[in-house]
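One chain, chain A, appears in both complexes that follow, with chain B as partner in the first and chain C in the second.
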Partner chain A sequence: MSGFAKPLKIALGLIVIAGLIVIPMNFNRYGLFILSQWAVMTIAAMGLNLTLGYAGQVSLAQGAFVGIGAYAAAIMTTHGWPLPAAIPVAIVLSFGVGWVLGYPALRVQHHYLAFVTLAFSTLAFLVFRNESWLTGGIYGISNIPRPHIFGIATNKPLPFYYVCLGSLAIASLAVWWLIRSPWGRAFMALRENPLRAQSLGIDTRRYTLMAFAIGSALGGVAGALYAPLTQYIDPVPFNLSLSLDLLMMVIVGGAGFYFGPFLGAMIAVLLPEWLRFTEGYYLMLYAIAVMGLLIWSPTGILGILDRYLAERRTKAASALRAVAKSRLETAQ
Partner chain B sequence: MSNLFDLLVAGLATGAIYALVAVGFTLLWQTSQTINFAQGEFVMLPAFLMLAAMHAGAPFWLAIILGILMSMILLGLAFKVLLVDPMMRHGVLPLAIATMALAIGIKEAVKQFFSAEASPFPSIVPTGDIAILGHAVSLQSIGVLVVAILAVFGLTTLLNRTSLGHQMQAAAQNPTVARIIGVPVERMILLTFLINAFLVALASLLITPIYLAKFSSGEVLGQAAFIAAIVGGFNQVRGAIAGGLLIGVLDNLAAAYVSTQYRAAVPMIFLIAVILLRPQGLLGRAEERTV
Partner chain C sequence: MSAVLEVTDIQKSFGGITAVDGVSFDVREGEILGLIGPNGCGKSTLFNCILGQLTPSGGEVKLDGKVVTGLRPSELNKLGVSRTFQLLQVFPKLSVRENLILAGQEHQGNMASRLVGRSDAGLTDTANQMIGFFKLDHLAAEPAGGLSYGQQKLLDAAMAFMGGPRLVLLDEPAGGVNPTMLSDLKERLIAINREKNATFVVIEHNMEFVMSLCSRVMVMAEGKVLAMGRPDEVRKNPAVIEAYLGH
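And then the complex of A and B:
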């Protein structure tokens, strides 16, 4: 989005944020649920965007990390711990598991890595389903309490929506800072050319593991919010299709673009709701829309915008050049 | 001991079906770098096409022919022309994601236009048992094995013994050189898509009588085919066959001797081990790494 002037960008950002705070105030229960879900899924997709979009490591396991976070939060909060205590546990747990999952990435790349993470995703699902002493098995965990934040109960949909939105804001700022830090640049170097990155003294080994671990940790955060959002979890939502959905969100929004996951999650969570009037056809239309978009622009929606802005810039630049040239000629 | 024998036969029968699906999967990968995440749905759909033909009044044999033809048109020709061709130049990942969307689309279409319930499907092999070496073996398992072996044998003969097969292999291994020596590469790629569509339709015909026709049945199958393809060797037809048989047997043995709850975990752990220890697959050749 580099084509806009800076004040315009800031103004646009403020309007969107104000809109996200004010407009949902008179939404009904369901509308708030969907919007909270969007915020949660954006956090998870942002994590995957870090792993895939910035560091270039394919992962089909982000859904499993959402599951790990969700189960950590559900188990702890139903045993009387507050959610703010459960979130760090979810982060540490998914960071650790993500770190370990990064090891195969040191050895294999691309589709092989995709399949290792796919297998991990299925294994995680089996653990959620079968270890019923811990996870409640197929019956899941119900009556997950919503937290008290600064002494305010967030049982009602609106306050909890603000919890999700606030968490999204914190996560967004953290990621914004990260991709501008030397780490973020190292991730991108890893994606563009691992060999050159290494010859520049970047410890590619450590950064690959980091890319996995941090991306997974954000998945864990999303999970820790998902559990109190739905207040009931069972293994089904965390199966492979969640990982595939999250991957689609990142690609559809635009992998490697900061705002990609926001848009991608919006399309994946909200578009089916808007298409609900078509009844049984809505997921079919969604699938067709995704395929059409990818044929048109494999870099996602932000890829279209990026290309458009780049074209406009080159046009403007060549126009300026033409003017300058004609001036030179008349001067002669 | 008799138990083990039964498990092996049943495992080989499911494995043979996995092998058919996995072979198609590797063919697509070799000729067009398509990782088809909808491969499982490709197996699920032809059964419904055949059922639709039967509902329209066609006898079973005609429904089979119509179903195979329709799946070759839809899953072969249309899939290549409408989705793979426009996306091929964009690289592996966007195309893989597009096939994920396609999988959702096919599932939803079947749910919407046919039924969300499982439907029974007639078997091409009569039910019943015959005695082999003093064991009762179901005719269905034998029939599945025979058909799958014939199909695989036919395919390998086509690939290795005929000029057409050599042209297909050339197109897969080095499209540029193949083009120079006059191989119609585009037509060869289309041919592999048609062969894949034929193989999945055949697999559909074999497996649906066992597991019923259901819109969601592709998920498990697609995963099994992936694993088979990778374990055997992503770039080898015989690797995919070996992988399919191996995964089928492993899956059945795991269900009996490990635990029914974690039976699905055994092929997965095996997959991870193979990828980490021998990424090119048990029978595969090492691929050159892209940077």
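And then the complex of A and C:
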């Protein structure tokens, strides 16, 4: 996105933020639910984008971390704890489990790592389903309360949407800070050339584990918001297909691009609604659209924009060179 | 002069093949040691054993008198040992300046300060100086992948100096670099060697480059040390002529 002037970028950002605050005021209950879901899934996808897009570690377990966060929040809030207390617990829990899941990544990479994380995903699902003393098993946990934030009840859809949007804002700022810090640079080094990274003093072990843990913690945050959003959870939404959905959001939006997850989650959450008129054909159309996109641009939607801007820069640079050269010739 | 690096009887086998077969040498403070020998004689494997990329099958590596055999590459780098690779190893998507900042950032502060502190780890000035020193000024903001091969090679070498190393192991720095740029590179290496008192070990096939840059040259053949001495001595050594230089 470096091709736009800075004031233009800021103005664009402010318009989008204002739009996200003002426009939904007129939305009905269902519209607000969808939009809240977008905010929540964006947080989870941002986490995966950090692990996969920036640090280059494939994970098929992000859905399981959303589940861990959701169960932590559901169990705690139905036992009388407030959500603001449950969220840190969800973060610590998914951070810790994510850290441990990072260890296999120190030995295996790419599709082998994908299989390890896939196995973990299945394991988490079985725990959610079978440990019914804790998770309610297949009956799940119902009547999950929504929180009071600064004394304001968020039972109604609009206030809770603002809770989700506010959380997204905080998570976005945190991730933005992280990727422009030396840590973000080290993550990218890990993705592009771990051997060279090591020789420059970058502790690749520690950064790999951190990439997993932080990405997973964001999944946990998303889960802790998902539980009060739906107010009822059971194991099914956190099975492998959620992990695959999140992976698709990251890839379609553009892995390794800051705004990729926002776009990817928007497509994954909203497109089914827009394509509702096609009835039974929706999934097929969706599948074809994704295949087409990835053939055209393997780097996702933001990859297209990036290519376009890079091309424009190259043209501008060669135009400058041409001008400089002709001046040189006239001078001679 | 004291030895910065002491290598004793390093061995490395891959299956039945012994790539490095009992190599011992030391590198003195402030010198530029050349390492030459035919392809496949174990030069790069020796580098990788010294730098922790490979675990040697036997032998010992000492840095400033302390045993560092088996340390991880990142740990060795923190102790002031830096390197370049035979094949180009820059980060193509990061800009030239970002590459240099990345190369130095782990030597600044600790994990926590690198998370909450400045985005450039306070290295923009140092990186800019390095860019100026290697004459890459006009390319500072370009993605490294867009540079020419020779320019990337210069960047690669510049990256090795960002952490302020005491000892730098350069694996074929001159490979594929045109003559003008090569004399530039040589000039820069000599300047860093003198001003920063950095010690170098250089693997290189370009004889003219090695003979004019190095104070001592070590010749390897078939995993063993064949000769060690001043460039002019080594050049006249019959065994070296036989194995490597040709008649």
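Note that the second predicted complex is superposed on the first by the 332 of 332 C-alpha atoms of A that agree within 3 Å, B and C clash if a C-alpha of one lies under 4 Å from a C-alpha of the other, contacts with A are read in each partner's own complex, and residues count from 1 in each chain.
Quick note on the criterion: a residue touches a chain if its C-beta (ideal position, glycine included) is under 8 Å from a C-beta of that chain, and two chains touch if they have at least 3 such contacts.
Please read these numbers as outputs of a predicted model, since none were measured by experiment.
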{"item": "Residues of chain A touched, compared between chain B and chain C (which is higher)", "value": "B"}
{"item": "Which of chain B and chain C A:116 touches, first, second, both or neither", "value": "first"}
{"item": "Touched partner set for A:295, first chain B, second chain C, both or neither", "value": "first"}
{"item": "Which superposed partner A:193 touches (first chain B, second chain C, both, neither)", "value": "both"}
{"item": "Touched partner set for A:201, first chain B, second chain C, both or neither", "value": "second"}
{"item": "Partner chain in contact with A:185 - chain B first, chain C second, else both or neither", "value": "second"}
{"item": "Chain B versus chain C as contact partner of A:57, first or second or both or neither", "value": "neither"}
{"item": "Which of chain B and chain C A:251 touches, first, second, both or neither", "value": "first"}
{"item": "Touching both chain C and chain B, counted on chain A across the two superposed complexes", "value": "193, 195"}
{"item": "In the complex with chain A, residue positions of chain B that touch it", "value": "35, 37, 83, 86-87, 90-98, 100-102, 104-105, 108-109, 111-112, 219, 223, 226-227, 230, 234, 261-262, 264-265, 268-269, 271-272, 275-276, 279, 289-291"}
{"item": "Chain A to chain B touching residues, read off their complex", "value": "58, 104, 107-112, 114-116, 118-120, 122-123, 126, 129-130, 193-195, 240, 244, 247-248, 251-252, 280-281, 283-284, 286-288, 290-291, 294-295, 298-299"}
{"item": "For the chain C and chain A complex, residues of the former touching the latter", "value": "51, 53, 72-74, 77-78, 82-83, 85, 89-94, 98, 101-103, 105-108, 111, 114-117, 119, 121, 159, 162-163"}
{"item": "Residues of chain A that touch chain C when the two form their complex", "value": "178, 180-183, 185-186, 188-189, 192-193, 195-196, 198-206"}
